[in-house]
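Order of writing sets the labels: A, B, C and D. Residues in every chain begin at 1.
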């Protein structure tokens, strides 16, 4: 076995060569109506508030899939300058029975999203980078997500 | 001290109410010309390849800042279906001396990006969710990044 | 402001100099009787199973604190060689009302643990690295945790 | 395909039933003499300092393996109360050519450690949870690591 692989990882990463669109394309992916548990603050100082909040349910709807939110957890940090960063994992179960893990990294109210599933029907989501936000900031548990590509 | 905070975290997250644009706005943020070290494969099976790769340098240029890449590390997993997921941290130092941490989560060749800095000039980046990709997949170390909002 | 800090981070990390014990000390910290929801498998192949599982409750007891588990989420990956890796976050609320975030990284049945809390009474836990495992592998939801130092 | 797996993940996690030792066993695993680059502070306030620091090299020695540190990155946060938390990834290459990823989560000067490798000789490390610390806090780049089990 050769021990030091001199080929940059990038070299085996690209299977379809070509040029990308400028600016990126945005395609509506789905909307989510999330229900959440209480936010439990475990770290609070003059300059920072950190909290854990359960994602307890919700509904998902879009052109390519519908489903429910089984559950998950969000961890959030609010800084003195008003910045709120959050990381969340939750599981979607589609109406036709696929389980999809959703991983979110957010600068609230903006959310970057990745997906993981071995469902044959939905595994195209593994290559998707999406982005979501509440269209109405008075209704922050209703978000719309867009595929960026 | 009250121990269970019943106010949803979201409630203290939103400072500027209003409705969001549909679809999101994309604003060119910067381009990066990255240099990388060798990819070291530490886990290789018939179905998966995992590697660590150093980010050793590079140049950053955009309408709002220029700088250099001080360094960082990327961890990547290539699955049998061709999906490549990567997580990276690297540090940018701007030409006027600010240090900015860049955190990337990618479904290659698409990259979701968050920033961390206490620089007064650049701390608007803490609220930015960005997205990048190589405009030319034959030149994968040159990426363009767009602010999504 | 000086922009490149040449002092290694380590240099400002050490406040109490001295030599460490060899081998490390192990001090009983607490036991946990966890309750869990169903495991939802979102990625399954011949070589790997990945699942999300809710931590829905539980009781905590030890010489220095008692409490309940409010909730959290565990993400697990089982590989073909039988290795099971897991990452979990969950929140403990002590009987005297402090909220403590528990972060676990595990090579099952062994669990490395860190804590986060701003409670004055319990913030000594922020400096603790702990390690837990089920004393009886037939009762895997009952774990004992030890402080290593 | 059955969609909701009701069997707790834990149930398929345990292959070797039995009771665990109390207290845990500690076995010397290896020592590391690390070399580090400068610490770049990207977030500094009255209450917190966050920095990125490259791990640029080093030597590893133990009863079961010897090697060198290829490189990696550490991210650290120092809080006002003196707590220092760090997360690091780095790659070890053994003298007989295996690549091993080391993942560290630390409450400095204490470090929890996990390993990833597909090397047949060293893949027993995938099931190891280790713990390390500098035996002499005046020489903080020299750490000793112990397997906990």
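As a working rule, a residue touches a chain if its C-beta (ideal position, glycine included) is under 8 Å from a C-beta of that chain, and two chains touch if they have at least 3 such contacts.
Everything numeric in this text was worked out from a predicted model, so none of it was measured.
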Which chain lies the greatest distance away from chain C when centres are computed from Cα atoms alone? B
Across the interfaces B-D and A-B, which one involves more C-beta pairs in contact? A-B
Return the distance between the CA-based centres of chain B and chain D, expressed in whole Å. 24
Roughly how many whole angstrom separate the Cα centroids of chain A and chain B? 14
Touching two or more other chains in chain C are residues 4, 40-41, 45, 93, 99
Which word fits the touch map of the chains here: line, ring, star, complete or other? complete
Mind listing the chain B positions that touch chain C in their complex? 1, 3-4, 45-48, 80, 93, 97-99
Of all residues in chain D, those that touch chain C in their complex: 4-10, 12-20, 22-24, 26, 28, 36, 38-41, 49, 51, 53, 74, 76, 78-79, 81-86, 103, 105-114, 123, 126-129, 131, 133-138, 140-141, 144, 146, 148-149
Residue numbers on chain C that touch chain A, as the complex places them: 37, 40-45, 50, 52, 54, 70-73, 75, 89-91, 93, 99-101, 116-118
